[in-house]
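Note that chain A is present in both complexes that follow, paired respectively with chain B and with chain C.
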Partner chain A sequence: MVKSRSSVKITPYLMTVPMVVLFFILHTYPFLKGVFYSFTNWRGYGGWKFVGLKNYLYVFTNAEVTHSYLFTLKFAIFATVLVNVLSLAIALGLNGKIKFKNTLKAVYFLPYILGTLIIGFVFNFIFGTILPDIGQSLHIGFLSENILGGAHAWLGILFVTVWQSMAFNTLIYLSGLQTVDTEIYEAAELDGTTPWQRFYKITFPLIAPFFTINLVLSVKNFLMVFDQIIAMTNGGPGNLTTSISVLIYKRGFQGAQFAVQSANAVVLFIVIASISLFQLRVLEKREEKIQ
Partner chain B sequence: MKKILTITATLLAGLALAACSSNKSASSGKKTVEFYSTKQENVSTYKGLIKEFESKNKDIKVKLVAPADGGTVLKTRLTKNDIPDVLAMGGDFNFVDVTKADVLADLSDRPYAKRALPAYTKMLKQYYSGNKMLGMPLAANVSGVMYNKDLFKRAGINKTPETWDEFIQDMKQLQSKGIQPLAFPFKDSWTAMGIWNQIAGNELPASFIGKRKDNKTSFQKTHKESAEKFAQLLPFGQKDIVGLSYNDSNKLFAQGKVAMLINGNFVIPELVKNNKDINVSMFKLPVSSDAAKNKVTSGVDVLLAKSKQTKNNAACDKLISFLTDKENEKKYIDEQFALPTVKGVEQSNARLAGVVADAQAGNIVDYPDHLYPSGFDMAGLLQQFALNYKDGMKTSEIINTFLKNADNKFDSANVEE
Partner chain C sequence: MMEEKVMTQNPLKKRRKMNRHVNWTLTAVMAVLAIFFIMIPLYITVVTSLKAPSDMNNLLALPHKMRWANFSDAWQMTDFPIKFRNTAFITFVTIVFTLPLHSAIAYAIVRNREHSKFFTGIYYYFLSAMFIPFNVVMLPLVSQVSRWHMDNVFGITVLYIVFGIPMNIFLYAGFIKKIPLALEESAVMDGATPFQVFYKVIFPMLMPMHATVAILSFIWTWNDFLMPLVLLSDPNQQTLQLSQYVFQGQFSTQYNLAFASYMLVLIPVLIIYVIFQKWIIAGVTDGAVK
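Showing the complex of A and B:
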């Protein structure tokens, strides 16, 4: 190996340093500032003083915060499982020899291009007007009322979230499936394996890295669920669909609890970071085992 | 590398130029007054009035600023101690916050101060301590019941109800004629406050919140009757009680499918937009069973305040005086469909006839939620109330849960100070 001269090395830095600077100014610095303010009593304006861990104590003892954590966890678990099972199924289908493959791909990818707020408003109309009309004319009890205005409002949000999030995960699974050598399948077929065996013993292990990234990204995204809820229920009815992010936004900015909700945001960050790290360790071990 | 440097240099030069040009306008001979509005709906009216003001006062230039989410933007400016010369804002928790920052001038010795209706100036004084006048009311809003006159006639009701019992009776009458009395747009939880404010405002004295903040009383001890009245209304609404949105309920009313909506005067333009022939008028929600005790819930929609630190004190006073003289006040309330807060000006729109007289006579109560801590989500609690009703929970249980939650959430919102 020849020792690389400095003139050769400068290009990667030119490409990464501006991004690092921007990322630090726009992301890391505000985050650190938020951590700082979580130890004060700042209302978002005016003066402040240090209050130690008082805000964290509030976050851990407040029933509203606990409720929103439970709701968010429930939502994230359901959404992650549904999104990954469904998008893997769709990806397998799209990877097979079928007609209209590209059209179908476009159809499945469409929800991802639309903005979440727009989708939220569209489904607000569907849940609020179209479905109840159909339900009433067909005399189907559960359809004749706006699901977003009932105790099961979260199912409406879950449906829309899953429908929209599937697109991206399908794409990742699809690119994973395309890395699998088709000759392996042909060989397996000659050995007389069933399709289920081929999936479970060949496909699934071979796309393990893609499974890892999908799972980590899904959990992170769904723990931070915000737009869909704001667009469809605004956290209601009552506080049934108030996720952590929605609570932070509502109380922090509208309710002048900036410091308290900064503490809440720090806790959320720690929760998400530890879940993600845990997932990565477990899933990477699994990947290693397969290799 | 050289190219990148050139681009950066050009960008920096551009920024520097932009910075220069924004400073330039200050050097012209006119005095500039910054007029800051937290509302955007009334900007067109302000523009007309300001144009007239500037043509009468050639040496003053008024810079109208009305950003989106103006209340929050104003608070961020407070942190930098950058106060607009004249403020136009609602008499709500944002105003309470501004008075706490001690940046507003006392207007009580100004000549225009005497023009204001005493009921509204008294209301504003509740928001801060001391006997100063920190805000000059410009317009008021009013809550009540919007009703479809044609549907009332069809049900044989010739007179609007004046007591709670009459109100309930009239709703039963409407129901017996196959007319849906009420629609509740509780999908948008804030609309529940339109009802709650009128009930609680009439049932309880404004001093409640102060005592509650000091933990000397509780919702459980005092708000049982208000909650019972709220519960009594629910059977008269649509079945899917939390499923209807604000816009959809307005449409239902405009189509004549529902006889009444309980909310504020700002709903009427929306109804007229949906159906310009709608025969709608307003009456106050008769909360008490003693007609003489019922008051109209009305608050200051816009007040004008002056910065302590303004360099153009006289020009600011001229502007406030101009906006609150009879002729311009009339213009404002007509265009904005608001209630006057200046003596001798009348809102003569027939659609508001049922509430105007009370407001003019000072027979008003303030919105209780103007004094609630800003993180206290009473609207969400009422939405839960309605949901529990829909799910078939027993009324006494709904009310107990509601009052207990109200106390808990009040405590968790009341963390500051």
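Showing the complex of A and C:
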């Protein structure tokens, strides 16, 4: 009896403690180390000494870093708005009285399961070779040049990001729309409301929680944009499309700016954590409402 | 399906259902958009991968003659078998370890949270870790991991298993909360040890969540690029995604070979998508909405 008592007590610890320790060693410890080194002048090797807030000052004043923040914020805002408007529209369409609903849903969801890097390479070819080819043969000026090589390169990256991210957001909106009882619409239709009124007054408030999930997940993902930029522009031309993550990667690993980029990563963490905290509060409020 | 069944049972709804005609205009719009935006890029990928270099002038046309040799050339050029083996190993082993380990953590937390500060602490620890993405820890992590000789397929697999914990235990915890205690209590009465209670009673009941977690883990590990990029420098340890990046320079303007190589990476995922499409869509929805 005594033996089984102690095994009852020990088992939950056996199930958790080893993995908690591993997680601490491989995730939390490097994170804390990064925070620590952000206050030093370490280059990733050799000696170091404390430099106070110098790295943070550099992050906030260096033109390259501030540019990457402005670019990433601009990109995240445009991508979030576009993805959510378009995927809500597609979800409304898929939720309509259409034929081949499941097939169409599967097609619209397909981009989600494909690797972002390869999608980036495919669109590289489309923007760099196919569209200029069409543009030249039809004598359309703006199509004749590779958009990724010019000042508007970010629009190419935006397009690819929207193309892929819509898949996930559409699915979430669709699952939200399916929770709405169709009888409400029928009743509203009998009352002589316009479709826009029905969407604005009935649909939207009911799918608001799904809107929140999508919005917050989108912002978070787009602030970390990396794969498609590496595939399509490698941060160029110049540093026009260098996002925060691309900068951390390039300068941190290749440019011997270990400490500076650690500070940059800490700032990125603060930005992302604030957004996630906001998400958590919204979700908790929602849970309270349900209870 | 379920909805339709309910509808036919309700006479009032049945009458409404007859009024429900298919909106063909909307169907056409949705189909055209799907073809134009989703299918054309995929069509381009497929036809380009099958063209001969001399056939590359007419970019959008079907190939004059299918050049299957592109695939064998790309296969050899990128060392496909090694990269495939590495990626399949990482994905498979990650899933095999993730399901029992993460569900056990979630189970221990859910069943002990109320009367134990320790488990409440773990819960909030993992919750806050969700705020720290890989991009933020990668700089210090890489130097630490290469010092410990974890910059290989085995090491990265361990990282995937460990980094998946926060997200997965929240998925499992939501599900476990709904399982009544009575089942476990009766198993204990029958003399089962706590481990047996978990693996024989609870673990099999979590099947729907195992499917979700397995699907999300598969999509994550198969398509991840950043972690292999910063960790796996030895060509024999590299993954499929990473090798596409590494060989990009060698493909140069041989787009047919590059696209054949992309196809080799996409085909396994497409096959799995076609077979498990319903589960994948349900799993991803579950993972986000929960």
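Quick note on the criterion: the second predicted complex is superposed on the first by the 248 of 291 C-alpha atoms of A that agree within 3 Å, B and C clash if a C-alpha of one lies under 4 Å from a C-alpha of the other, contacts with A are read in each partner's own complex, and residues count from 1 in each chain.
Operating definition for what follows: a residue touches a chain if its C-beta (ideal position, glycine included) is under 8 Å from a C-beta of that chain, and two chains touch if they have at least 3 such contacts.
Since the model is a prediction, treat every value here as computed from it, not as a measurement.
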Touching A:Thr16, do we find chain B (first), chain C (second), both, or neither? second
In the overlaid three-chain picture, which partner chain does A:Ile272 touch, first (chain B) or second (chain C), both, or neither? second
Pick one for A:Ser262: touches chain B only (first), chain C only (second), both, or neither. second
Contacts of A:Gly44 with chain B and chain C, given as first, second, both or neither: both
Touching A:Phe123, do we find chain B (first), chain C (second), both, or neither? second
Between chain B and chain C, which makes contact with more of the residues in chain A? C
Touch check for A:Gly149: first (chain B), second (chain C), both, or neither? first
Please work out whether A:Phe253 is in contact with chain B alone, chain C alone, both, or neither, and reply first, second, both or neither. both
Partner chain(s) touched by A:Asn239 [first = chain B, second = chain C, both, neither]: first
Check whether A:Phe159 is in contact with chain B, with chain C, with both or with neither, and answer first, second, both or neither. neither
Shared contact residues on chain A for chain B and chain C? 44, 129, 253
Chain A residues touching chain B in their complex are 14, 41, 43-46, 58, 62-64, 124, 128-129, 132, 144-146, 148-151, 234-240, 250-251, 253-257, 260
Where on chain A is chain C touching in the complex? 4, 7-8, 11-13, 15-16, 19-20, 22-23, 26-31, 33-34, 37, 44, 90, 93-94, 96-100, 104-119, 121-123, 125-126, 129-130, 133, 163, 168, 171-172, 175, 186, 210, 213, 217, 220, 224, 226-227, 230-231, 244-245, 248-249, 252-253, 258, 261-262, 265-266, 268-269, 272-273, 276-277, 280
Which bits of chain B are touching chain A when the two form their complex? 1, 4, 72, 75-76, 78-79, 97, 100-101, 186-189, 239-245, 248, 373-377, 380-381, 383-384, 386-387, 390-391, 408-409, 412-413, 415-416
Which of the residues in chain C end up touching chain A in this complex? 16, 20-24, 26-27, 29-31, 33-34, 37-39, 41-42, 44-45, 48, 59-60, 101, 104-105, 107-109, 111-112, 118-119, 122, 125-127, 129-133, 135-145, 158-159, 162-163, 165, 193-195, 198, 219, 222-223, 225-226, 229-230, 241, 244-245, 248, 255, 258-259, 262, 265-266, 269, 273, 277, 280-281, 284-285, 288-289
